[in-house]
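Both complexes below contain chain A, partnered by chain B and then by chain C.
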Partner chain A sequence: MLQLSLNTVSLGSAYALVALGLVLVLNATNAVNFAHGALVMVGSYLAFAIAAVVPAKGIVILPLVLLSAAAFGLVLALIAYFPLRTKPVVAVFIATISAGTIFENLVLLTFGPEPRSTPPILGNRMLDLGNGVAIGEQSVAVICAAFVLIGGQYLLFAHTRFGRRLRAVAQDPDMAAACGINIKVMIAFTFMLAAALAGAAGMFLSATYYTSPTDGANYMMKAYLAVTIGGWGSIPGTVIGAFLVALFEVLIPAIPALIPGLDAVLPTATLFSMTSSTIALFLTFLAVLLLRPQGLFGEAIKKRA
Partner chain B sequence: MRGAILVALASLLCASAAGAQTVQIPVIVPLTGPIALEGTSQRNGAVLAIEGAMPLKVDTTILDTAGAAEGGANAFERAAGGKGVVAAVAPMFGTQVLPMIPLADEYSIPLLTTAGTAAITEKGSKFVYRFFPSDMVTKRAQAKYVLEDLGKKKVAILYNATAYGQSGFDALTTYIKQGGGEVVYSDAIDLATKDMTPTFAKLKAANPDIVLIQMHTGSMALLLRQYRQAAVDIPVVANTMLTMPSTAALLEPAELKGVCAETSAWIGKGVSPDLDKFLDDYKAKYNAIPDFFALQQYDGVNMAIAAVKAGAKTPQDVQKYLASSEYKGAAMTYKSDGKGNMAHSAVIVCFDGTSRSPALVKRYDGKPATN
Partner chain C sequence: MSVSHARTAVGILFVLALAAWPLVFSSPFDLRIFTLAGVFAVMVIGYQFIFGHVGALALSQATFFGLGAYATAICAVHLGFGFPATLTLSVLVAVSVALFIAIPVLRLGSHYFALATLGISQIVTLVALEWVSLTGGGNGLSGVPLPSIAGLVIPRGWPLMLLVWSFVAAGGFVAWQMMRGLYGKACHVVRDDEVAARSLGIDIHRIRLTMLLLSAAYGGVAGALFAHVNRIASPEALEFKTMVLCLTMAVVGGRTKVAGAIVGALLIVHLPEWFRFLDRSYVMVNAIILIGLLIVAPEGLVGLLDRVLPRAPGEGMGKTLARHRPAMSPPARGALLPSTTPILEVRNLVKRFGGVKAIDDVSFDLHRGTITAVIGPNGSGKTTLVNCITGVEVPDVGAITLGGSAITGGRPHDIARAGIARTFQNLRLVDDMSVLDNVAVARFEAEGAGPLNALKIGREDPRLLRAYAYALHLLHRLGVEEVHRLCGSLPYGVKRRVEIARALALDPQVLLLDEPAAGLNESEQNDLAARLQDLAANGVTLLIIEHNMPFLRTLATYMICLDQGRVIAEGRPREIYENPLVLDAYLGRGAGASSASSPVFAEAGV
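Now for the complex of A and B:
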């Protein structure tokens, strides 16, 4: 149970980093960045490439991954957002899909189709807690690293002048511009921050789960689910949404093993299979859309791409 | 003496005529998308065969089918009208091959594929040739090894929730039951699933004697790594994807210790001069270790080339050769069972934990079923 719970929290932490990046750009631009999943994948490959040059633990190469992923975020903003920001929001929507596809194919051309793995943050050992309970070193490290990154982001937004400017742009760009804030710089920085978070998540996830050039779409879907369930624009809601997605992936399929005797009263093999759990996750997603379209912790609904 | 010289000259002229003929074999495979890895291997094997066709001149066009079901049919339409097309390499992705079959019939061009999906040779077409053992061969070998050689009866099956996974699961379930075994646990795992610990928790609770796997490359590596981390000690016999060098490269030798797998052919030095040549040429050209998709696609294209060298001038001639001839390739001997299934052998290999190269432990040589 402890191991399963820890895996849920670890996976949820990584998903939270992915989903937060999506929300940051959404709030700043009022458009969904559909290249965000590809940025996660790009982050994995950046970590892989950096590790090939600097063979060190993940914690050493993480700053380099954050910086290089941020550069990709800037490129994305320059090619897929700024040239189209005055056009209907659907143009950004299509442009980010195109940019994501370009990133995917560039990675494929550069690294080939083979799955890759990145160095773990500290190590990949199983830490024995006694009584047959063991927890993964990487799982614990991911939780800690995600906590630091999410906490850092909170401090930036809540307690710095720069962060307040970012929030001002997200809340009312016109008013922020009238107050002398350089909107373009703030939006560019938001793209960079979002990409850095995505890159970190990519590095954390691929250390345990590998990565391949086509993984972006899957991460995009997870982030979209988390953001929709948690609440569009809500950062705490997004984190909770990410943990819910992980809960459906890890804990719910394990229920028959956690509750002995349950299979005597329920068809557990079908009800709690991985496939059924995925169906349940998407049913929850639909229920939220129908009953609480702004998400569990979201603001009043706005028009989104 | 004069007669001998005339015969030699005539032979030389015939050879020159064959050598002067230019034919085309388009290579239609997934080079992007989720099965780009396997498609790239297919392309590499096909191109190696085409480049080694001398003195025959073979042209080719490489067409990417990506991941969409219609990708193969669209590419085939573009390629089929080309000059001198005698056969086409078709994707190893059965879902893409199925829509290509009516077109192959229409253009009368044989498809050379390594797709494992059973249905492609069940459509009644005489233009589909599969140079890879179908599930009927490999899953039977996997089940037989588990039941007869290892003596395990309580079986768990983990498979991907895809057509490939489902097809293998169905075949394994049938052969395990036919052999007197029992499937005590099974789980379909989505390709997007990252954390597999819930499956292991349920697997342990079911207490099987052995675990059979039918999964794709990435999922397979992910599962085995987490399997070791979760300290599950139930023996594993996996499907052929584990034997791909790119899959084994994702795992540490210790993570592979004791794991066995079925596969179509044993790829190692010293088995035959043809296989040695293939391995040397592949390494020289691609600086990589080939997998069975590359090897068997190489054999498939070489058989079509052999048909042309033997006098086939049209795709219909090549089809007749493929349907009726026996061909000794680098991996095995191929002969159609009347439906286009050319490969009838499978092997079991096991990893000893010291390297990523498995050792051959059992060979199952079948003959084409002609029913």
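Now for the complex of A and C:
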């Protein structure tokens, strides 16, 4: 039970990193970056590649992954966002999907289609807490690392001059430009930051779950859901949304194990599979929208009248 | 050669190139790819209804497509039905799922709509994967026969290709026919500005539902054809990748033109084939080319044509219009003398936002042919009052009666149809539509334009022509001459008058004007005041929300002053100017005594 909630929180914090990157770009550009899932995947392959050269623990590799993923974020902004900045939002939508395809195929050509795994942050041991209770070292490490990254992002935004400029761009790009902020630089940095967070998440996730080049779409969907549940633009809402998504993913397949004797009554194998957890997640999401069309936590970005 | 001839020439060349394509690239493989392009063209023409014409980012088109494919495959493989029956069932399945989707989803805002439709698609895909006995699971359901009509099997190659492309032609014709008249203009307004569309009496939910169902029907047809061409229905047809393909075709080709759908489908289906020689990196080259196309032609390749060879102003309006122009003048519904019976009654209106009472127990009457002004400082509840009367906001307490019948809490388009028109403080015109179209579209409801009667349009839409004649008359009355210019390129003052003309095109009994003088210079203000007086003299009842005292001085016959949501004074303008409560509200407490020299009122000459 403890391990289960720990898994939820650990998965949730990794998803929160992914979703946070999506929402940062969303706020700064008003466009959904559909290559974001591919950036997560790129992050795990970067970690894999770096680990092959630098045989060290994840914590040593992490800064390198952050930096190299940020470079991919910059590339993404340069090819799929800036040329289309003044064009209709759907154009950015398609361009980022295309950019995601490019990343996916780059990885596919370089590493082949086999799923890869990355080194854990500290180790993969089970920490014995006594009384027969043990928890995975990686889960705890992921939670801590995600906490540090999210906290760092928060501090950057809330307490630095640079962060204030980033927020100004997110709130009102025209006004920010009028105040002498170079919004292009700010947007480029937002893309890099988002990619770095996504890359870190990719590294954390593939230590446990493996990642293959086509996994981007899956992460994209999760992040998209988290952002939407969280209220489309709200940063705390997005983090909560990410945890809800993780909760569904961990909890529903675990139901047969939690309720003994259920196997006898229901065909648990099909009823509580990964597939059904995804279906349940979407159905819940639709039900929420039916009751609250403005999203679970209201809308952060109001349409300007 | 004029631009219009050049456009015709491009159109003819396009059709000829299309016809020549399968003659030139005639190997069985090329024909198969061309046939597939036709299948996707049908799907994209359908997708343009919801995505292009009303601008809703639906991510469910692949679902309708896949459902159509599965319906055909299941009925043909398991039940042995012929092509007409399987096709009908494919359409029915897609449309009924669309109807089901529409219930929770259609009223959602843009991104929620996108994700909700995507969510439903995911569910359908997963069900198709898991329900192995019916769908064949991940392998799909193979062995779909070639289409057979009345026992006659249509073989591969040319016959199948022609069958598919005849669907493209028929589907394209229906879509073009439906969208070229007044109905299409109404869809354009819905796409551009929902609030404005509602204020013109357009039921946006109904239009969006119609568009979604049409999309689904086309998706179902395309899916059915896809199953026959590929001889298999597999989960791939349902997947997000297919959706992205469809979206890409629509964006690259063009979002609202049938030709755009065809160009997009041809290009996107053939691109990978053209770069197949690059072996493993062709997908990347493909993606790079796509981004390049988006940069060059963000409005789509067919949209690019509009940029290179822009449509001549007024082209396509018809010569009929010129002939009818002088004869057609709209009868004024309210052409009666001022009377003592109130046309609009507002009783004890209350509207709260959280703990704030934006409107607090407001009551007043409007008499026919009068000009009433609502004044008050910023935040006094003026715009909320207009929003409550027009149904944009639902009041918490109170009753609003128009000509004896209650309209409280009615939907905006119903209230607009009942006879209350409005203008907006921040203009809400459709910038990429001509002045004439902007005004004519307000005749949508009066002319009874709909998708079905749009199909019966002959050479020109008679409803649209009548709407144009009506609009021309009103524009003339308001002194707007350049009726073929795009609204976005007009000077501010003219835009104001166009918006008033649009509101008048609803033939309203009551016209609400939200700060009509804002941004106008003095001579424009005098001109507008004279025109408004003329309208009132013709029996239209005016309610003007305004700050500008000099503008109201000669115009208003009655004034209501709001402060913090309450009516603090009402009466003839002179009484209002001298009312100490009003002076307090405007100038702060205690300023009332000495305020005759204050700027606001000094300007008004009080």
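By our rule, the second predicted complex is superposed on the first by the 272 of 305 C-alpha atoms of A that agree within 3 Å, B and C clash if a C-alpha of one lies under 4 Å from a C-alpha of the other, contacts with A are read in each partner's own complex, and residues count from 1 in each chain.
Here is the rule we go by: a contact is a pair of C-beta atoms (placed from the backbone, for glycine too) under 8 Å apart; a residue touches a chain by one contact, two chains touch by 3 or more.
Model, not experiment: these values are computed from the prediction.
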For A:249, decide between first (touching chain B), second (touching chain C), both and neither. first
Give one of first, second, both or neither to describe whether A:136 is in contact with chain B, with chain C, with both, or with none. first
Which of chain B and chain C A:102 touches, first, second, both or neither: second
Under the stated touch criterion, which partner chain does A:114 make contact with: chain B (first), chain C (second), both, or neither? first
May I ask you to decide whether A:152 touches chain B, chain C, both, or neither, giving the answer as first, second, both or neither? neither
Quick check on the superposed pair: does A:210 touch chain B, chain C, both, or neither? Answer first, second, both or neither. first
Touching partner for A:285 - first (chain B), second (chain C), both, neither: second
Considering only touches as defined above, state whether A:63 meets chain B (first), chain C (second), both or neither. neither
Contacts for A:275 in the overlay, against chain B (first) and chain C (second): which applies, first, second, both or neither? both
Residues of chain A contacting chain B in one complex and chain C in the other: 105, 108, 221, 275, 278
Inside the complex, what are the residues of chain A that reach chain C? 32, 79-80, 83-84, 87-88, 90-91, 93-95, 97-99, 101-102, 105-106, 108-109, 217, 221, 224-225, 228, 232, 270, 275, 278-279, 282-283, 285-286, 289-290, 293-295, 299, 305
Quick check on the complex: what are the chain A residues that touch chain B? 3-4, 7-8, 11, 105, 108, 112-115, 117, 124, 126, 134, 136, 205, 208-210, 212-214, 218, 221, 246, 249-254, 256-258, 260, 269, 272-275, 278
Where on chain C does chain A make contact in their complex? 57, 104-105, 107-109, 111-112, 115-116, 118-120, 122-123, 126-127, 129-130, 240, 244, 247-248, 251-252, 280-281, 283-284, 286-288, 290-291, 294-295, 298-299, 426
Complex interface listing, chain B residues touching chain A: 31-34, 36-37, 39-40, 67, 161, 185-190, 192-195, 197-199, 201-202, 204-205, 217-218, 221-222, 225, 229-231, 246, 249-250
